[in-house]
Amino acid sequence: MKKPTTKIAHHTTEAIYIRGASLVDDLIGKLTFTEMMYFQLLGVRPTPAQTKILDAVLVTLMEHGLTPSAIATRLIYDSCPEAVQAAVAAGLLGVGSTFIGTMEGCAKNLEEILAAPGNEAIIAKAIARRFREAKQPIPGFGHPHHKPDDPRSPRLLALAGEAGVPGHHIRALRLLAVEVDAAWGRHLTINATGAIAALLGEIGVPREVARGVAVVSRAAGLVGHIREEQLDPSARHIWDVVTENVPYSGQ
Amino acid sequence: MKKPTTKIAHHTTEAIYIRGASLVDDLIGKLTFTEMMYFQLLGVRPTPAQTKILDAVLVTLMEHGLTPSAIATRLIYDSCPEAVQAAVAAGLLGVGSTFIGTMEGCAKNLEEILAAPGNEAIIAKAIARRFREAKQPIPGFGHPHHKPDDPRSPRLLALAGEAGVPGHHIRALRLLAVEVDAAWGRHLTINATGAIAALLGEIGVPREVARGVAVVSRAAGLVGHIREEQLDPSARHIWDVVTENVPYSGQ
Amino acid sequence: MKKPTTKIAHHTTEAIYIRGASLVDDLIGKLTFTEMMYFQLLGVRPTPAQTKILDAVLVTLMEHGLTPSAIATRLIYDSCPEAVQAAVAAGLLGVGSTFIGTMEGCAKNLEEILAAPGNEAIIAKAIARRFREAKQPIPGFGHPHHKPDDPRSPRLLALAGEAGVPGHHIRALRLLAVEVDAAWGRHLTINATGAIAALLGEIGVPREVARGVAVVSRAAGLVGHIREEQLDPSARHIWDVVTENVPYSGQ
Amino acid sequence: MKKPTTKIAHHTTEAIYIRGASLVDDLIGKLTFTEMMYFQLLGVRPTPAQTKILDAVLVTLMEHGLTPSAIATRLIYDSCPEAVQAAVAAGLLGVGSTFIGTMEGCAKNLEEILAAPGNEAIIAKAIARRFREAKQPIPGFGHPHHKPDDPRSPRLLALAGEAGVPGHHIRALRLLAVEVDAAWGRHLTINATGAIAALLGEIGVPREVARGVAVVSRAAGLVGHIREEQLDPSARHIWDVVTENVPYSGQ
C-alpha cells in the first residue's frame, strides 16, 4: 500500500505553510475566516460569490436559541467550567442526523436529480413520490413552526441569485419543490436546511463535509451560550426545572 | 432567586431574532461569519478594525498540521464515519491547557499590568521575575521551533497597529516582552498565543471565552482533516505506525 | 401528549432509590458493579448466569492495546490533563460503526433467524447468501489477525453453555456459522463481536444498547491508558512518529 | 530520550495478553468486571477486600437521577440516535470539577494528613482551618439535601471496615471530620465523595485516576438513561420545558 501523505500543512523554522500558501505572508490579514475555511477545506481560494454564500450559510446556522445542543453545552459548562472546549464539544455532539441529517439527505436528492440531465423533472417527481409513498418526511422540506414558509429559505436563495452562482443545485431544488407540493397535495416550505443544501452544492462543498460546516458555525453559537452562562447562569435552574417536569413514576 | 433568562435568541412564526436583530433582514447576507460570531458573543456589532483582527486571529489558529487534535479527529472519523461531529468533537477536546492555556495565562498577565496604570513597567518586571524565579515558562513567550522569533507574532501585532485599535494590551505585551528578556538574560520570542492574547484583549473578547475562539477556528481546521481523510485516508496507517513505535515491554 | 416521566431514580432527605431499591440498604455492598449495571439498564436484577455472562463480555471488550480509541485518549489527555473525563470521552467517540457496529449487525441477523421458528436454518442460509452475493463482510464473522479462529469466541460460547442460558441466540449463531462457511466456500471464524452479540441476546440486553455495554467496558480500558500515560508518557512520541510517517506532499 | 513503550497489552495470532495474562485462559470467565478494571488500571489483581470496595464505590457513583450529565446524554441521544457512544460521551464530559473534583480535593487533603505521621491531628486541624478561613467549602464535607448526614457515607465506611482494609485513609478522614465540625462550629456530614476518596485511597487507586473511576461508573448510569429514552422519551419535553422556563428577555 502506498503510504499516506498530507497536503494540508508543513512548516520550517521561519515559516508556516497551509495548502501551499505562507500563513504569515499570504493568509493572515488577507483572508477572512470564511475564505480561510474554504481554502482549508477545498484547497482553492473561494471566489467572492462563494465567500458570500458560505458566509450566509454560516450566519444562518450559528444560533437557534435554547436548542438541545445549547442546553447540553450550558449544563456541561456548569459541571466543568475549567474546560470550555468540553462544553462546546458536548453541544456539537448533537449536530447529528435528527436536525442536520436533513441537509445531507436533501443534498443527496439534489445530486440524484443533477445526475440525470434532460430528465431532471422526471427524477424530481420520482423522488417526491418515493418519499410520499414511504410516508417519510422529505429532507429539506416542511417546518413545524415557520408556516407557510421558512423565512430563511427565500433570503438564502435570493442571495445566491444575486451573488451569481452556476445555479444547478438551486434549479434542482426548485424542481423538487414543485413535485413535493404535487405529491403531498399541499404546500411544503423549502426549509433552511434544504436551501443550505442547495447553496453548499453551488459553491462546491461536498455533501460528505456539509455537516462539518454546520459544526463550525454552531461552535461559535455555543461559545455565545457559554458567555451568557458566565454572566447570567441558567444551568442550575435548568436542572431543577427538568427534575420537576420529568417526575419519578417508578414503584 | 431571580429566574434566569436568555438575551440571545427568540422567534415567531415569521421571523427569527438574534441579539435583537432579524436573522433574515439584518444578518444573513449582511454580516460575515466573523462579524456574526462577534455579535453572537458580545451582543454588539464589531467595528471594521475589530473584525479585521478577529479574522486574523481565527485564520492564525485554524491549522497546524498533524497535531494531537488532528490525529484524534482522523482516528475517530475512521472508527465512526457516520458522525462527523463526533470526530470534530474528539479533536476539539484537545484545545486544553497545554497548548491554548498559554493564551489565557498571557491574557491574565496583561490584565494584571493594565490594572496598575502608572506602574505598568513595574508590574511587568514583577511578573517576569515571578515566573523566572519559579522556573516556570511564562505564557505567551518562547517557541520550540520558531527561533529567534515566531513569524506570526510581528505580523499579528503589525496588523493590529494598522487596523487602529486602542493599543493598551499590545503596549502591555511589549512591556512584558522587555522584562521577560531581561529576567531570562536572553531573547524569548513573543509567540502566537501571546500576540493573540493581546489582540483579543484589544477587541474586547473576554479572557473567559478566548479558548472558545480557538475552538471555533480549530473546528474548521479539523473539518479540513476529515476531508483529507475521506480522499486520502491515513488513520489505519497511523494506527500501525503507533503500534510499531510504542512497542510492548511488559512481561 | 402524556408528559414523560422517569422510572430510574429518586431521593428523599434520608434515602436514595434506584429502580425502586434503596441505594444504601439494598445495593451498596450487596451488588457488584456488573449486577448493578444490569439492574440500572433493565430494571431487574440479573440471575447468576446473566451476571457471569455480562462479566465475561465486559472483560473481553475492555482492552485491545493501542487502538485508535486508546491513541485518541492519550493524545487528548496530554493536551488537557486537567480533564480526565474529556480524554476518556474522546476515545469513546470511536466506539462507532467500524468496530462495534458489527456486534449490532450480527445481533440483527440473529434476531431475524429467531423470528422464524421452524425455518431458522433456511433464514440463516438466506442471510449468509445475501451478504455473500452483495460481496459484503458478514458482521460477526472473520478476523484479520486471528486465524483460523478467534480464540475469544469458543471461550465465550463455552462459558455461556456452562452458565446455563436459554441458548436460542447461540443456536442461531451456530446455524449462521455453518451457512457462512458454506456460502463463502471456506471457514470464517465466529469473531468476538459475533459471540458477544449472541451472549448479550441470551441475557436480554437489547441490541439498541449493546454498543453502550462496549462503551462502559472500553471506558475502563481507556482509564488504564491514561494511567500509563501519567507514569510513562507516549503522547509526544506518538505526535512525532505520526508527523514523520504521514509526510507533507503538497506543493 | 528513551522511546516510550506500553506494558498494557499485546497479541499473537492465537492469543491476546493483557498485563501479562492470557485474556482467554486467565481472564474471561475468571475475573469480574471490577477485578478486571482494577487489574487493567494497576497491573495487579485485587484482593477480595479491594474488589468489594471498588464494587461499592462503582455502585454508589452510577446513578443520581436527572443530573446535568443525564440530561445532556438524553438530549444528544435524541439529536444523534445513530451514535450511542456520542450521547454517553456528552454526559461524561460533565464529570468535572464541580461535582467530582471534590473527591480529588478530599483525597489530596487525606494525603496531606497521612504524609505527616505523628502529627496527623495537627495537620487535619490546620487543613480544616485553612478552608474555613478562606471561606471555602471543604471538599468531601457537607451536602445540600442530605442532612444531618449523607446516608451513603456511613454505609461505605462500614463496608470498608468489614472488608478489612489497612484503614489509614479512613482514619485520616475521621480525624479531618472532627476538625471540620470544630472549625465550622456545627456538624458537616462526610459526604459520599469524601467517603469514596478515603475508600479509593484504601485500595490503592491513585488520586490522579479517581475521576476515571467515576467516569466508568457514570457511563453505565448514562446507558440506563439512553435505554429509558428509547422506551419513554423525554428529550423533546425537556427542550420545551427549558425554553419556557428560561424565557427571552432581550430587546
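Which chain is which? They are A, B, C and D, in the order written, and residues in each are numbered from 1.
Just so it is clear, a residue touches a chain if its C-beta (ideal position, glycine included) is under 8 Å from a C-beta of that chain, and two chains touch if they have at least 3 such contacts.
For clarity, every value in this text was computed on a predicted model and none was experimentally measured.
Novice: Going by the contact rule set out at the top, which chains touch both chain A and chain D?
Specialist: Where chain A and chain D share a partner, that partner set is B, C.
Novice: Superimpose the Cα trace of chain C on the Cα trace of chain D, which carries the same sequence, then give the rotation angle to the nearest 5°.
Specialist: Rotation angle between the two copies comes out at 180 degrees.
Novice: How many angstrom lie between the centres of chain A and chain B, each centre taken as the mean Cα position?
Specialist: 23
Novice: So, what's the distance in Å between the C-alpha centres of chain D and chain B?
Specialist: The answer is 32 Å.
Novice: In whole angstrom, what separates the CA-based centres of chain B and chain C?
Specialist: Centres of chain B and chain C (C-alpha means) sit 38 Å apart.
Novice: Pull out every residue in chain D that's touching 2 or more other chains.
Specialist: Where chain D meets two or more other chains at a single residue, that happens at 3-10, 65-66, 80, 82-83, 85-86, 89-90, 93-96, 234, 237, 245-246, 248.
Novice: Determine the shape of the graph in which chains are vertices and touching pairs are edges (line, ring, star, complete, other).
Specialist: complete
Novice: In their shared complex, at which residues does chain B touch chain D?
Specialist: Of all residues in chain B, those touching chain D are 3-10, 17, 19-20, 80, 82-83, 85-86, 89, 245-251.
Novice: Which residues of chain B touch chain C in their complex?
Specialist: 65-69, 71-72, 75-76, 78-83, 86-87, 89-90, 93-99, 234-235, 237-239, 241-243, 245-246, 248
Novice: Residues of chain D touching chain C in their complex?
Specialist: 1, 3-11, 13-16, 18, 23-24, 27-29, 31-34, 36-37, 40-42, 52, 54-56, 58-60, 62-66, 83-86, 88-90, 92-96, 100, 145-147, 151-152, 155-156, 159, 206, 208-209, 211-213, 215-217, 219-228, 230, 232-234, 237
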